[in-house]
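Read from first to last, the chains carry the letters A, B, C, D, E, F and G; within each, the first residue is number 1.
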Amino acid sequence: MGEASRISRYIYTVLTLFVIWLFLTSSFDPQEVAIGAIFALIVGALTYEVFTERGLGNLSPKRVLYFIAYIPYFLWAMIKANLDVAYRVLHPKRPINPGIVECKTVLTNNVGKLALANSITLTPGTITLDVKGNRYFIHWIDVKDESVEGASEKITKPFEKFLKVIFE
Amino acid sequence: MIAVYLFLIAAAVVLSMYRFFRGPTTADRIVAVDIMTTLTTGLMVLFALYYKRAIFLDVALVYAVLAFVGVVAFARYMEGGL
Amino acid sequence: MSQYASLLIALPLFGAFFIPILKRTSKNAVMPFLVLVTLIQTGIAAWVFNEVYTTGKPIIVLAGGFKPPVGINLYIGHFAALFVLVIALASFLMAVFSLRAVSIEPKDKYAMLFLLLMLGATGMISTGDIFNLFVFMEITAISAYALTAYNKTGEASEAALKYIVLGGIGSSFFLVGVALIYGSLGTLNMAHIAELAHLVNPTVAKAGLALLIFGLAVEAEQFPLNAWAPDAYQEAPHPVTAMFSAFVVKASLYAMGRVIYILSAVEGWDSILRLLIILGTLTVIIGEMSALRQSNVKRMFAYSSIAQVGLIAVGLALGTQAGLSASVFHMFNHAIVKALMFLAVGYVALELGGAEISKFEGLGKKMPITAFAITVGAVSIIGIPLFNVFWSKVQLILAALNAQYTWVVALILGASLVEATYYIRLIHAMWFKGEGEKVKESNVLALVMLLLVALIIVIGIYPEPFWNAMQKAGSDIFDVAQYVKNVPLLGVNP
Amino acid sequence: MNELALIVFTPLIAGAFAWLIDVKGIREIVGVLGAAVPLGYTALLYQKTGEGLSFVLNLGVFKLTFALNTLNWFFLGIGALVGFAAILALVSTGRDSYEWLFALMSLSGVLGVFLANDLMAFFIFWEIMTFASFMMVLHYNKAASLKYFLLSVFGAYAMLIALGIIYAKLGTFDFAQIQQAMYKEAYATAFGADTLFSKGESALIYLLFLIAFGVKAGMFPLHVWAPDAYSETNQSYAAMFSGVLSKAGVYGFVLLYILMGTRLAIEFGGFRSTTKFGYIIAFLGGLTIIVGGLLAALQEDIRKLFAYSSISQLGYILVGIGVGTALSMQAALFHALSHALFKGLFFLIVATIVYRTDKTTFADMGGLAEKMPFTFAMAFVAILSLAGIPPLVGFASKWVLFEAVISQNLPILGGMVFFGSAIGFVYLIRFTYAVWFGQRPSELENTKDAPLPMATAMAILALFNVVLGIAPGLVARELNKIFGKEVIGGNLFVLDLGFGRYNALAILIYLVVGIVIAGIIYFMGAKVRKVPVTDTYQSGNPVTMEYNLTIRRNFFLPLKETLAFWLRISFDKLYQDIGAWVEDLAEVLRNYVYNGNVQSYAWYLAVVLLILALWGV
Amino acid sequence: MVKRILAIVFILIIGFWMAKALDQIPFGQDRMLVGKYYLEHVTEDTGAINAVTAVVVNYRGFDTLGEVTVLFIASTGVAALLWRKKRKRTAKTEGSIVLTTGARLLLPFIMLFGAYIFIHGHLTPGGGFPGGATIATAFLFFYLAFTVYEIDHKIFEPLEGFAGLGYVTVGLIGLAIGGYFLFDWIWQTWGIGRENVGRLLSAGFIPIIYTLIGIKVGTELTGIVDNMIKEPEEGG
Amino acid sequence: MSIASLIGQVLVLIGAFFYVVSALGLIRMPDVYNRMQTATKSATLGSLGVIIGAGIWAIGEVGSYSWIPKTLVIAIFLLLTNPISAHALIRAAYRSGVPLWEGSVVDKYKEAEKSLERVEGIKGNLEEALEEGEKDE
Amino acid sequence: MNPYYFASIALILIGLYAVLTKRNVLKILVGLSIMETGVNLLLISVGYVSGRSAPILSEGITPDRAVDPIPQALVLTAIVIGVATTAMALSVVINLYERYKTLNVEEIRRLRG
C-alpha cells in the first residue's frame, strides 16, 4: 500500500495531535482548545511527513474496530505474561529455559512491525531483540520450540491476525 | 493510605537500585535505570495524588519522556549507534 | 530616560542574537557588525557615564519595573558607569583588533561569544542582585571558557578544561554562599542585604561571605585559585586575552569588593579581609616570580597581569575608602595598559608567528610602533612617574600605609623590582638585540595602540580628573550606607 | 615665565626639539642653548636667593612646588655649570639626537630635584633624571644599564615608600611643613610625649632614604651600578652623570638632615661626638672611599678608573655629611662642588681622549701629552685638583673636610679619609704616566688635540678649578650664607677654621714657581729616555704579559694579589648571585605550583576551602 | 591512597563547616521575606498563578534573560569548538525498525507535549526551559534512531537567533511602552487577560516569552546534540 | 470511600505489586536478558495499574475527573515506550557482547549474524574485485 | 541534621571528592555535576516550608500554603547554567581527546609553569 496524499496525512496528524492535546489538558476550555488547535496545526505541519504514511486511511472503520478489539486481547496477554513473570520470579527455583529464537512475520508495514515487536515484548516470556526485514529475533525465557516455524506459530501468529488488519 | 503505596513503590525503587550498583555489566545498570525511571514515574503520579495536585502529573510526563530518551541514548551509545 | 541604560544589556544581546540571522545573508558582514555593535555600546556607555558623573547620582535600572528587592535592579553608580565605559571601549578596540587577529572559523560564533563576554562583564559590574551577579558571572565564565578553547588546539582545550573545572568548583560554592545568605535573610538584593546584614546569624554570615568570596576569587585570579589563568591567557585568541585582563577579571574583583562591603556588618569581617590581603599578597609574589623567566611573552604578561590583580585585591581588602579608590584606580590603569600590551603582543604573535621572546628580538626595527607601545606599557606597569600606573601604585602605597599595612609597601617595592627586571629584558630584546626587516604595521592597529599610549601618558601627566573619578568610584563601593540609600527599596522588611 | 620654570624645563624642551629636529648642527645649537639658559638664569638668580622665588606646577593630585633658597642655589650652580660644560662637550661626542634628548632631559631632572620644594616634585624629577640617565647608559651597554636600572628602581621605590609613610602621617609633601612637623616630633620624643612616627617607622624612613640616596650617590654597598654606568656611556655625558647626578644623592642626604635630622638625632641618640644615624652615613662613606679608591687603582680601563674614583670621592662627601657638624657639612658641600668641577673635568678629558684615540685602556695609550697639549694642561689642573694639591679647589675642600673630621675626634673615619687620599695619589700616578708620558703607541701618532667645543668645556671647568682654588673664600662665603652663620672664616684667599688656616694665594705663588721648574725638567728628560717597554726582563726570563708590570699594564698587580682575598668579596657579584638565586627559586616555584595538572589546581581550591572551614569552625 | 584519605579528611572538615552554618537555618521554617511578597502579589502583579514562573519571567526576568543567554552561549560555544570543515555521523549501526518507527511516531507527540509545557508555564510547573528541552528530546530521539539524520542548521540557527531577538524585543517594547526594560506591558499597561487569571490566555507576556524561550531552548539543545554527535571527517 | 476510590486503590495495589515483582526480577534473574524479560513486563503493567489507578482514585480523593485523561496519556506513553527502550537495550546488550546465560538453549541470532557477515564479506570481495577490474581497464 | 541538608552537603562533597581523586577527566566533570546537583538541592531545601505545597496558586493553594518560590526559580536558572557548563565542558573534552588521545588528567599538562 503506497503513501496517501499529503492533505490526508496532514489532517490525520493534526487530528491525532489535537486529540492528544485534549487528553493532555483534560479540559474543554475554549482557550485551551483554540491554542491546542493552533499547536496541532503547527506541529502537524512540521511532522506529518515522518508521522504517517497512510494518513486518514488509518481511520477506516474496520481498522478502528479491530484496533478496539485488539486492546482487551493484548491486555489479557499482558496480564498473563505478568502472572507468568511473577511465577518465575517468586518461584524459589527460578524456573527458566532461555534462548534466542527466530520468527518470521507476514507484516510489511513498519508501524505494524513496531506494534508486533512491542506486543511481543510485553507478552509472555519474550522480548524482541532485533528485527531484520521480516525476521524477528526474540529472546524467549522458556524456549519451547527452536525452529522458525514453531516459534512463529507460538509467538507472532497470535498477534498478527489483528495487526494485519489494523496496519496492512 | 496513599502513603503506604508510596512507601511500597519507593521500596521497589530502592530494590532495583541494587542491580544498578551491583552490575555486573553496563547493560545491567542501564536496565536497572530503565526500570527505576518507570517506577519513579508511577511514584510521581502517586505523589501528585498524595498532594492532590494535578499539575504534578505534567512533571511525571516530562520525566517519563526524558527518562525514555535517556535510556535509549545509553543503549545506543553502548551499541555504537551514536 | 535613565532606564534606557538597560540598553547596555539589551544591545549586546540583540547583537549576539542577530548574528545567526545576519550570517545567512552575508558572512563577511559579521565581524564589521561586531565592531559596529561595540561602537554603539561605547556610545551608550559614554552617555551613561556622562549622565552619572554630571548628575552625581547613580542610575537605577529597574528590570521589569519592579522596585527592589522585589525586582532585580541594575545599579550604575560611579564605579559601574566608569567601568561600563572601560569595558565597552576595550571591547570596541579589541573588536577592531579581531578583524585582523581572528582567522579561525567559525567567526560568527566568535563574534557572538565576544559580545556575550562583554555583556557578562557589564552585567557583573552593574547588577544589584546577588543571584543575578551569579548569572552574569556564569555568562562571563562560560563565554570565556568557549573563547579560551576557540582556537581548537589541544593546548587551548587543555586551558579551557582547567578553567572550567576550577570555575565550576568556584561557582558551586558561590551558590552555596548565596543559599546561606538567602536562607538567613530571605532576600537577594544587595542593598537589601546590606540593610539587613546585622540580622544575619553570625555563623551563617561568616560562612556565607567566605564562600561568596571564595567563588569570586577563582574568577578574580587570586592565588592559589588562579592556576587556570596563565593557561587561559596564553591560549585564548589575542583580543580575548586582552579582554580577560582588561575587564573580565576586573569585574570579578569589583564583585568581590561589592560583596565584601555590603556585608561589612558581619562579625569576623576583619579577619576575612586579612585573609584576602594574604591571598592578594601571595598572588603578587607568585605572579611576579612566575613571570620572571617566562620565555613566552604572552604568558609573561599573563603572570604580570595576575600580579597586578593581586595588588588590586590587596587594595580592596584594606578596608578603607582610600584603599578602594586606589584599587579602582589601579584597575582602571591596568585595564588600559594591559589592553595595550596584549593587543601588541598579539599583533606581534600574528605577524611573526609566535609570542616567544626570541620573536621579540629586533622588534624595534621590525615593528617600531608596536615595540614602542609595549615599551610604554612596560614602563608604565613598572611604575615610572609620569605614566599612569605610577599614580595608582602611589595611591595604593599611601592607602596601605594609612591602613597600617606597612609591609604591603615592601610588597609593592619588591614586585616593582621584579617587574622591572623582566620588562627591561623584554625592552632590551626589542630594541637592542636581533635584526630584521621592517614589517608593514597596520595603520588601524597602530592608531589603536597610539591611542592607548596617549591615554597612558595623559593620565600620567595629568592624573587629577581621573583620580577624582576614581575616588567617586571607590566611594561608590565603600559607602554602603549611601548605596542602600540610593536604591529605592520597597518596604519589604521582616 | 617664571625663572625657575625656565631653569627646570628649558633643557627638557630643548632636548625634545633637538630630538625632533634631528639635523646635525641645529640640534647642537638648540641643545647648547638649552643648557645655557639654566646656567644664565642661575647666575642671574644669585642675587635673588633670599627672595623666596617659587613656582607651582599643578598636577591636580599633587602640586609640584619649586622654590629657590641659598642651599639649592648652590647645588643648582653646580648642576648648571657642569651640566653646561658637559652638554657643550656633547657637541663633539654626541652620536645622535637620542643622546641630546636624554642628556638634556637628565639635566632638567637634576635641576628639578635641586629646586623641588616638596617631596613629590623631588621624587618625580628624581625619576626623570634617573630615567634619562638610564637611557643614556642603555644606549651604550645593556648589562650596565640593567644593573643601573634595577638599583635605581630599588632606590626609587624605597624613596616612594618613605614618601608614602610621611604623607600618610603628615598629609603633606611640603618640605617646610614636614620639617616643622618633624621638629615637633623631635620635641615630643625628647619629652616622651606621643609621636606620630614610632621609633620603628622613623628607622624605616631613615633606612629607605639611606637606600634611595645611597644608590644615587654610589654609596657602598649600593655603588655597584656606578662603575659600569659611568664608564659605559657617552663620556661627555659622564661628566654630568658623575659630576652632577651623583650630587642629587648628596643633596638628598642634606635634605634628610634638614627635614628630619633633629628627629633622628633625638630618637636614636649620639655616637661619640656625632649622631648614630649620621655616623652610619659617614662610616659607609668611609668604606666607599676605600673600596672606590682601591678598585680605581686596579682598573685597566681609563673610564673605569674615573668611575671608581668618582665613587671614592663621593665617599668623602658622605663622610662630611655624616659627621654632621656645621663645619663638616660645609666641607661636604664644598667638596661636592670641587668634585663636580674636577671630576667633570676629568670625564671631559677622558671623553676627549676616547674621542680622539678611540682607545680606552691604559695599555693602548702613552705619550699623549705631546700630541694633546691643551688637553694635557687641563688634565694637569684636574689631577692636581683631585689629588688635593694646593692651590686648586680640590685641596681647599679636602682640607676643610680633614679638619672637620679630625676635630671631631673620629679616628676610624679620619683613617679612612687619609687612606683615601693616599690611594688617590696611587691611581692618579697611573693616569698621569700611562696616558700622557712614556712611549706612544704608533697608532696614536696622528692624534689631534681637543676639538673646540670640548676644549671650551674643559676650559670652563678648569677655570673654576683654579679660580675657586685660589679664592676658596668665594665658596666659603656662599656656604656661610647657607648656614646663616660664619663657620669658615677668613677672606677671599684664606680659609680660617679657628684651629687651622689655609692661604691659597701664598701657596699659589710657591707652586707656580715649582711647576715651571718641573715642566722644564720633564720636557728635557722626555727626549733623553726612550726605552721599548716590552723589553723588560725579570730574573733573566722574558716576563709574560700577565707579569708585564709597566705603568701601562698591570701596574698594581702586586697590590691586586695582596688584596686578592678581599677582592673576591664583590657586592656586584653578590647581588648577581642573589638575583640568580631568586630567579632559580622562582623557576622551581612556578613549575611546582603551576604543575599543569588540573587536579592539583582543584586541590588548591580545596585547601583554601579547608582553611576557610578551619578558620570558621 | 594518601590522596584519597586526605581528600576524605578535607571534605569532612569542609562538610562539617557547611553543616554548622546550615544548622543556623532551621529546615522547614517560614523565613520568607521577598518570597512572601511574591506569593501575595503575584496574581495581581503578573496574572500568573504559578509564582515560580512569575518570579522567573517577571520579577527576576533579568536572571532568565541571562539564563537564556547562558544556554545560547553553550550552544554557540559547542558549535564553535566542534566546528570542522566537514563533519558527519560515524555511527556503526542504525537502530532497528522498532526504534526508527518509534521515533517517527513519537516525534509529533513529544513536540506537542513540549509546546504544552511551555505554553502552560504560568499555570503548571512547566515553562520555556523544560518545554524546550522536551522538544529537543524529540530530535535527540531521531539522532538515536537514524544514523543519517541531521537537522538543518540553516533553519535552526536563525530560528534560535529570532527567538532570542524576540525576547529582547519584547523587553524593549516594555521599555518603550512602560518605561522599564522587560516591563510586562501586556499585563500592566494593556491589562489584557485580567479576567482570565488561572486560564491559558493570561499572565501578560509570560506565554509569549515562554514560547520564545521554548523555541530557543529546543533549537539550542538540538544544535548542541547535533554538534556533539557528529565527528570530523578525514581532513575536515 | 467511593467506588472510584476503591477501584483506583485496587488498581494501584496491583500495580505496586507488579512494581515489586519487577524489582525482584531485576535482582533474581541470572543474566541481563532474563532480567529484562521479567522487569520490563511487570514494570509496564505495574505502571498501567498505578497510574490509571491513581487517575481513578482521584475522582474520589480530589473530586475531579480531569485526572483520568492525563494519567491515561502517561500510561499509554509508558506502554508504548517501555518495550521500545527494552528492545533497544536488549539489542545493545547483545551487540555489545554481553553473553547469554550458560543455561541458554539456543542462539539463532548469532547464526543469522554469522551468515549475514558471510554475505557482507562476499559482497565486499565482489566490490573490491569490481573496483580492481575498473582500474585495469 | 536535617536529611535534605545532609543529602545536599553529601552530594556536594561527593562531587568534590570525585574532582579531587578521579584521574579521568570525564569523571571529574561528573563530579562537578554532582556538586551542582547538591547545590541545587540545598537551594531548594533552604526555601522549603514544612507542610506547604508548590507555589502554584491553584487547586486550593493560597499564598500562606505555598513554599518560597524564589529558590525554585533560582534552581531553574542554576540547572540550565549547569547544563550549559556541562555541554561546554564536553565539547572541550572532545577536542582535547582528539588532540591528546588521552583523558587522564596527569597526562593533560602541556601547559605548565
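One rule holds in what follows: contacts are C-beta pairs under 8 Å (C-beta built on N, C-alpha and C of every residue); 3 or more make two chains touch, one makes a residue touch a chain.
To keep track of the chains, here are their UniProt names: A = Na+/H+ antiporter subunit E; B = Monovalent cation/H+ antiporter complex subunit F; C = Proton-conducting membrane transporter; D = NADH-quinone oxidoreductase subunit M; E = Na(+)/H(+) antiporter subunit B; F = Monovalent cation/H(+) antiporter subunit G; G = NADH-quinone oxidoreductase subunit K.
A quick note: this is a predicted structure, and the numbers were derived from the prediction, not measured.
Asks: Using the touch definition up top, find the fewest steps from subunit B to subunit C.
Replies: Tracing touching chains, the least step count from subunit B to subunit C comes to 2.
Asks: Hop across touching chains from subunit A and tell me the fewest hops that reach subunit G.
Replies: Shortest path length, in steps: 2.
Asks: From the centre of subunit A, which chain's CA centre is farthest?
Replies: Taking each chain's C-alpha mean as its centre, the farthest from subunit A is D.
Asks: Per the definition at the top, count C-beta pairs in contact and tell me whether D-E or B-F has more.
Replies: Per the contact counts, B-F leads.
Asks: Could you work out which chain's C-alpha centre is the most distant one from the centre of subunit F?
Replies: The most remote chain is D.
Asks: Per the centroid of Cα atoms for each chain, what is the distance between subunit C and subunit D, given in Å?
Replies: Centre separation, subunit C to subunit D: 44 Å.
Asks: Between subunit C and subunit E, what distance separates the C-alpha centroids? Give it in angstrom.
Replies: 30
Asks: I'd like the Å distance between the centres of subunit A and subunit B, where a centre is the mean of that chain's Cα atoms.
Replies: It comes to 22 Å between the two C-alpha centres.
Asks: Going by the contact rule already set, what residues in subunit G reach two or more other chains?
Replies: 12, 16, 19-20, 28, 42, 46-47, 54, 56, 58-59, 68, 70, 74, 77, 81, 84-85, 88, 91-92, 95, 98, 108-111, 113
Asks: Listing for subunit F: what residues touch at least two other chains?
Replies: Counting only residues that touch two or more other chains, subunit F contributes 24, 36, 40, 44, 62, 66-67, 70, 73, 77, 80-84, 86-88, 91, 95.
Asks: Which parts of subunit B, given as residue numbers and ranges, touch two or more other chains?
Replies: Residues 52, 54-56, 58, 61, 65, 72, 76, 79-81 of subunit B touch two or more partner chains.
Asks: Taking the complex as given, what residues does subunit E use to touch subunit D?
Replies: Touching subunit D from subunit E are residues 7, 10-11, 13-14, 16-18, 20-21.
Asks: Under the stated contact criterion, what part of subunit F meets subunit E in this complex?
Replies: 77, 80-81, 83-84, 87-88, 91, 95
Asks: Can you check the complex and tell me which residues of subunit D touch subunit C?
Replies: 59-61, 123-124, 127-128, 131, 138, 142, 146, 149-150, 153-154, 157-158, 160-161, 164-165, 167-169, 201, 204, 579, 582-583, 585-587, 589-590, 593-594, 598, 600-602, 604-605, 607-609, 611-612, 615-616
Asks: Which bits of subunit F are touching subunit A when the two form their complex?
Replies: Those residues of subunit F that touch subunit A are 18, 21, 24-25, 28-31, 33-34, 36-38, 40-42, 44-45, 66-70, 72-73, 79-80, 82-84, 86-87, 90-91, 94, 100-101, 103-110, 112, 116.
Asks: Taking the touch rule as given, give the residues of subunit F at its contact with subunit B in the complex, in rising order.
Replies: 9, 12-13, 15-16, 19-20, 22-24, 26-27, 32, 35-36, 39-40, 43-44, 46-47, 50-51, 54-55, 57-58, 61-62, 64, 66-67, 70-71, 73-74, 77-78, 81-82, 84-86, 88-89, 91-93, 95-96, 98
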